[in-house]
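By written order: A, B, C and D. Residues from 1 in each chain.
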């Protein structure tokens, strides 16, 4: 980031104007439909929030509406596991970009069951396995951790999505069994999948999501309550992997055009970390071909450009 | 980068101590031996230089010794081509990480002759094709551009390396012909290879390399002479691709542990960009399994850690 | 086959001499050890049998000892499914060679869950799915079919192997779940795996195996009891796929050196079909790097060469 | 082959009726258009010939019209090289099916420059390299060999095709340079390509083609003049590789439906070997998606079915 970003006289006004602009875009993308529960979401909802490390939250649109965070939850799981496992975690999952168009089983076979990074499905399943093996009640622990970060108890799992995921999880089951055949899953595969789908089914609003990730913009410390969430080094590391691998096979393009660590989910949410400044959370359900929210991408790209937020 | 990095009372002393430390490392890695001319280099040479955007250069060890910059030259070629071709460049080469263990021909076939990014060999060959097609004397233009950036006429091509590369360039020829079969090489393949090998064979010292890339740390403007080398947006973009793809298949790990845009070459050189601060150039010929300089990696990792230079 | 093969005055003597020769070979290969129950087999056992379409059976060595037929069972499953499904079977599994060094998950992903042929694991799992979906008691039906072909009730499943397979079946589970994600498995995956492992755990002797496959050498008709097992066209088809894909990634070499349709299993058994003549069954537990019995390969190669049995 | 095939009272009549039937087929497929010289051929030509090992030739349609034999020439090159190099040939090219949808560069990289078999382009280039390295005038030697087999001097190279191939040969150049980078091409790549394209550009009629391959149906001996062309073992071997790999990625299906060793070319020709009986040669320029002649496939399938020619 180039020194202090320009603070607009009224950040909320800027957010509203970018949201209005995004709504004017030609209707593009389509809502994730691989599970019925996700396909049922109202497609035109749109929200935007920015939490800054001074604890303020600005927002526009449907920023208080809870949505399915899906793969954004991989950040929470990773931080939990890094805290529990330390550096030994990286013997079971690498930190290199995947370079595969899809969350692919191919690379997993080539590389003997060690996933390329914790933000592809295979990597997140290994992380889930660590949590299932560590905690007696890993799902409750995951929800508690997210609530602690978002500073609220009002975060829940969408049970319809959770059960729908389990019914349509054959590909993730294939990934998990393949890794188990290489010895890289310790717990029983159904338990690992259960934790993974539970975590993906957490619902949060843009405001909650932005607040919950502030520690990554603030060297591991939650700026609101000064709690240490992870080490400074680990905050850098998570941001680094987000930068190379957080936006599916559009990660390079996102670094190129936006220049921020970020993670998206097929529920239409995107969270972008601005080191030493804050967190941007955007949401709109329609996805582009890479699985990233069309309008969410647009709003974050414009905001980062106008405020000069690129880390490069 | 977290605000202003700590400026040590004497940066040169720090560089010297890190270089001394690197020399004490157990003897590891081996000099690139795929061409005889590179294999002949004295293996224990080591240099380190930091150029800051105020125009100062600090250094230690063999920082005035010219070495073969090899793939570091891909940065110069890319900036030249971006200036000439504008955004149309990105229709012929993507900006996504490769995710392949080697500079692979596999992905090129899957993706119909469009290389994943300009820092893998295939991508650099497309860039070379653009320069060969644009300039009547592309090799001279390349050398002139590098000299202009390094603020000296005293930069040359090592003819032994140049001819040695040409004799051992069958794999690059395979990449180029495959791309030509997909219509993504315009000029004659031998001419493209000639330009590519010429550019790889440029010799520079750590000091020259650090100076020559300062514009990337300074929004596109060379801070010494205030010349505009590229747009601010393009400087961000080059740094972004360096961050995801500059260090071969160790790019993710480098982002994870160091957190800086960087490019390495099999001559043992590494250049790391610190936005708004300066450029670090390290050189030592022995390479690890990924093709990155062992001691160069060590010195840059330590320096970035001690000065808090990570962009994340 | 070149007209009528030379009938040795005493085929049994020839079999014995080839078996003796195989026993003299330098100790090579190793017993399959991916499941404990298979690893426990006495490694030096060796048997050889030839059943001819006039109903005679000649043999040497341990030709009455039952061994785990493993992948040889894929022939039986395929014929059962061809009889039940007709040509619609080939919409769910292809008949092309795999060309992959291992029973790979890669190709399955590329080709959208349609296995290359019924003799790789993925293809045999699709076949098992057809049988599970068709029969109320598919395992019993499979065993009944094999007993009918071998003209004896004295064929059983090795329960230790069966349960051991199920405990070590993660890779097959990965294949099945991946195909299910593509819609190419109809039944529940655990049921499909159960049938598959049951079928693999059938034990037969060389003599039984040779007799049971005579119908493939005789245009679909069991020559002993004149029962029609499959159509003449389907017998040709099974032999064709065996010729291109029956010997794992050594299928091409086997066609090249022996020239007979054949199937091997990791229990050390090999069955080779000689159209219009008979069936050769060989068994010895130590496997080469491709998973084919070392001594079994040797005996069949010599026998086919000396009797001039190549179909080419 | 099941004993002696039924000899129709008049084989010529059968050929004519099959050809008439093929001409009635709905217009399908398209003429190869990757080089202009091939695209210019009249698309509705069609010929069929059968040469039997008693030296007779029956035919129908345009069986005397010379067409570009293209990949069918790989058989001639392979036999030449087998005669010159002996078993050492098989250290530089394998005999396994490729299993790749296209003549792919992928597998070549995985397998370190050793092509899967001599009938994919990469393998034929290695064979061409052997001939170029062995003969002082390899192109003349190739043509002489083909004329000797076809028992006529009236066989020529189509120079328009030859030069057109050279101009559009970038993909083959990529394959050759990649193999050279692995040390599996000895001569200069342009010389190897020149020989390869020359051989592909030979023109033959169906009658000439059928006669020229009779030695493969007759244990290596040309039945017309009793000359020994290759060993009996090598004739079996060539037929074996044809069976698993001669019809591109439709080889398995061709074995399945026809059951004969065969080779096709993008000029629309197909030659099928019937061991101990003769050779079928069919030609019609329109190709299916696999690169095999639509009407040629139809005529051979019908003929083999009606005469019971399958080797299985």
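Brief remarks follow.
In this section, a contact is a pair of C-beta atoms (placed from the backbone, for glycine too) under 8 Å apart; a residue touches a chain by one contact, two chains touch by 3 or more.
Protein names from UniProt, one per chain: A, B, C, D = Glutaminase.
All values derive from a computational prediction rather than experimental measurement.
Among the other chains, the CA centroid farthest from that of chain A (Glutaminase) is the one of D. If you average the CA atoms of chain A (Glutaminase) and of chain C (Glutaminase), the two centres end up 48 Å from each other. Mean C-alpha position of chain A (Glutaminase) lies 32 Å from that of chain B (Glutaminase).
Here the CA centre of chain B (Glutaminase) is 55 Å from the CA centre of chain C (Glutaminase). Annotation for chain D (Glutaminase): no residues touch 2 or more other chains. You'll find the chains touch as A-B, A-C, B-D, C-D. Those residues of chain A (Glutaminase) lying in contact with chain B (Glutaminase) across their complex are 1-3, 94-100, 107, 116-117, 219, 235-237, 239-241, 243-245, 249-253, 255-257, 259, 261, 275-276, 310-312. Here chain C (Glutaminase) touches chain A (Glutaminase) in the complex through residues 104-106, 109-110, 170-171, 173-178, 180-181, 189, going by the rule given at the top.
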